[in-house]
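The two complexes that follow have chain A in common; it is paired with chain B in the first and with chain C in the second.
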Partner chain A sequence: MLKTNLAFFKLEFNQAIQYRASALVGVLTQIAWGLMYIFLYSSFMNNSVGSTDMTIEQMSTYIWLQQGFLMLINIWRIDPKIFSDIKTGNVSMQLVRPIKLYKMWYYSVLGNKVARTLLRCIPLLIFASLPFLGQMRFMFQTDPFLLTTSIVSLVLTCLMNVAYTLIVIDLVFITHDETTIRQVFNIILQFLSGLIIPLQFMPEWLLSILKFTPFYYSTNLSFNIYSGYYNDPKEILIGIGIQLLWLIGFLVLGNVLLKTKMKRVTVLGG
Partner chain B sequence: MIELENISKTFKVSKREAGLKNAVKSFLKRDYEEVHALNDVSFKIDDGEMVGYIGPNGAGKSTTIKIMCGILTPDEGNCKINGYVPYKDREKYVRDIGAVFGNRSSLWWDVPVVDSFEMNKAIYNIPDDVYQEQKAMLTKMLNIEEIIKKPTRTLSLGQRMRCEIAIAFLHKPKIVFLDEPTIGLDSVSKIAVRKFIKEINKKDGTTIILTTHDTEDIKAMAKRIILVGKGNVLMDCKMSNLTRKSREKKQSLDETVAELYKKYKIS
Partner chain C sequence: MVRLYFKYLGMMIKSQLEYRKTFLLLVCSQMLSSFTCLAAIFFMFDKFGNINGYKFEEVIICFIVSFFAFSIVECLFRGLDKFEDIISDGTFDRILTRPRPILFQVVSSKIEISKIGRMLLSIVALIAVLANQPQLLQWDKLLTIFNMILGTCILYSSIFIVRAGICFYTTQGLEIMNIFTDGVRDLTQYPLDIYGETIKKIFTFVIPAALVNYYPFVYLIGRDTNIINMFCPLFVVILLIPSLIFWKIGVRKYRSVGS
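Now for the complex of A and B:
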């Protein structure tokens, strides 16, 4: 079974890695966005508008990580083949294979994300580490505990995000409405997990609500562990634990939704 | 061994008249029409048979195939194939079947066909030696040794169809469903497909279930005919009966089939 999943991962990876030009353009765009965000927030912070206890170094590192791993965490680009399979009924061809649809989709999305991220994050983070950026550069975390836990948390964030994507795919499969569902779920994810505005710049009352949602424990957690903004070992470990619970929750929900749909699937025509 | 007993399947299809007014009306309250795709369909097919499942458009052929493939669940009736209920034990059951849908593709679009072969090798867990042997045999028989190195999107329909057929047989299935496998193909490709199906049935004893509108196809590939119309099985006979009839009446096979459709009022 593992071999099959790996095969889906590899196939998607091989397909996604072909698009070098798009990766190059992506890197340039994300560098521009990254710089823009950093200039914007540092001018706020220098003039102490709003209240945050983040340092400029931490904020810059956060933004660079966010730009570098954008492909891993956003859901605005989901493998178009999955949606076209759903729309055209080609999904029936997948059903005559001895595989679980959920697993197949999960590993395809994961492979696609990892390939696209690897192509972009390495050149971007190399640029972001250049010394001329001063305190706006991407800093290296040397503390072994923070480094390890941030990587663990990033992996969980990625898995959680793929599981979230699968819920979106399930809902598209159920309703046959791709655009609305994707936009709604995308904007929820982006805003609440701090991709548009880092959560540390949001008002206290919103943060206290967000702590009860999965979004608080995705990129917010992993990037801020790396930047050293979160550094209490106990809090970090609890955060990772909660992240794991949300991951399981997403996986269960995605599977249940798909199972309900499969019971009454209809494939018309031809 | 394929056994279908009293299978029925009904679809709910929404419908409305043309025009904005009716569109708004149907937004608020939708009218559904029940389409009885299958009514009480029963038949038995033994191992190694080659069966042509024929009938006019909308007769329920594809629905039956989809039920037998485990994609659709019937409303009523029993279906047992190789000891499994397809739609209940789907994952275990489909290991032993192959399917070719003429208007669908099971190949991955952007990668060379041989990568799709490798995918199926992983999915069906085909041992390496069996895989190499099957691949060599299938590509030779269908004359696609060079074609499989190209990405699917660059292939012509005839080339792609031959690859679709090859991939369906890669894991040595016991039963293969062919749903209009020659649709849109040129004569050369059609002949290649027919020859291949006949040979593989003889060689491996693969059960072949074929739906098609091409009478040359059934003549070449089927030894038994099951005629369906409006969701019912109307006739179940040997192919030779049909060919004899057309010879006696000095008709083409197409005319004989058309006459049958008229006789059963299903055209």
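Now for the complex of A and C:
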């Protein structure tokens, strides 16, 4: 069973890893993007009356990580093949196969995301750690505890994100309305998990609400452990625990949604 | 030609309104997306108070102008935005056989009415800003805002034309061109001098975004009363010349790919 699912992972991975030239161009775009935001936020942090407890180095590292792992956390740029399968009715081909649909989709999305991320994050982070960027460069975390926990948290973030994507796919499967659902879920994810502005720049009242949502425990947690902004070991371990709970919640929700749909499947197309 | 354009426009509106619920949902999600951007800028000022001495009430004008103009261009010039589709499915061959200007046909082939969500939100925000700041309700300030919007539209359209022109060589859209469309849109949400002197220079002389953003903006908030700042957004019209030449060369180079 696992072998079949890994095959789907490999299939998508090998397909996505082909687009090297386009990934290189993407890296250039993202470097420009990252620099723009770092300039903007450091201007805010240096030339204003208010202040934040984040340092410029931590903010820059956060932005570079966000750019480097954009393909992992963005649900807009996922391989649209699943969506077109649903639209054209090809999904019925998958339904007759003797495998679980949820797992197959999960591993395909995961493979696609991991391949795209690997292509982009390595060149981007190499550029970002060049010394000429000064304060604005991507810094290395030398503390072994913070490094390990941030990697664990990043893996969980990735799995959580794929599970979130699967919920979106389920809803598209149920409602057959692709654009709106993808757009709305993408906006919610981007804004609440700190991809438009880092959560640390948001007002306190909003943060205290967000602590009860999964969004607080995704990229915000893993990136900020790495940058050293979160450095209390107890807080970090609790955070990772909550992350794990949300991951399970997402997986269950995705499975339940798909099961209810499976009771009465309407297939589009012919 | 104007009549033909309105006929196209009417057709697009009718066809998109056929799916009324989808259309409404799309407009709402567009508004939600613009709203989060507005909230983000509000939160930043809530936290930091000001930036380079600019207040929220001042910077928000830049934001609205940038958003409003982008939504207009995105709505009306969708054909250029998605030009790689027009090339790759062979629609462009069909366009070439018709006795009407090519660029006109490309532009009128796709009009995305659902982008109106972003436009509506910008209009509401603009009215709110004007209502709260009576010092802006003078003819010269209002004219400056109008010039800024007009200039930004022209700037984006020429970037869109160049971006579409590149498709003649690559047949595929290039992600890197997003720096010049979405990137310029995001950059010009703030007065350009906050990014530092180098960036301001690049965006004055290479891509003249500062002409529609920084210079009229300082006039608007009363930091510089030189009358030339008021009209400098209109100078971006010059940018249309090289981009149209680039487009013309591209059309001559074009080789069919579709069937």
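Simple rule for what comes next: the second predicted complex is superposed on the first by the 263 of 270 C-alpha atoms of A that agree within 3 Å, B and C clash if a C-alpha of one lies under 4 Å from a C-alpha of the other, contacts with A are read in each partner's own complex, and residues count from 1 in each chain.
Basically, a residue touches a chain if its C-beta (ideal position, glycine included) is under 8 Å from a C-beta of that chain, and two chains touch if they have at least 3 such contacts.
None of the values given here were measured: they were computed from a predicted structure.
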**Request:** Have a look at where A:Ile196 lands relative to chain B and chain C in the superposition and call it first, second, both or neither.
**Result:** second
Margin query: According to the stated criteria, A:Lys3 is in contact with first (chain B), second (chain C), both, or neither; which is it?
Written below: first
Quick one: classify A:Thr142 as touching chain B (first), chain C (second), both or neither.
neither
Report task. Answer with first, second, both or neither: which of chain B and chain C does A:Pro98 touch in the superposed model? Result -> first
In the complex, chain A touches chain B at residues 3-4, 6-8, 11, 14-15, 18, 81, 88-90, 92-93, 95-100, 263, 265-270
Seen from chain B, its contact residues with chain A in the complex are 11, 13, 62, 66, 69-73, 90-92, 94-95, 97-99, 101-106, 108-111, 115, 118-120, 122-125, 179-180
Within the complex, chain A is touched by chain C residues 22, 25-26, 29-30, 32-33, 36-37, 39-40, 43-44, 46-53, 174-176, 178-179, 183, 186-187, 190, 194-196, 199
Note: in the complex, chain A contacts chain C through residues 22, 25-26, 28-29, 32-33, 36, 39-40, 43-45, 47-52, 177, 179-180, 183-184, 187, 190-191, 196-197, 201-203, 206
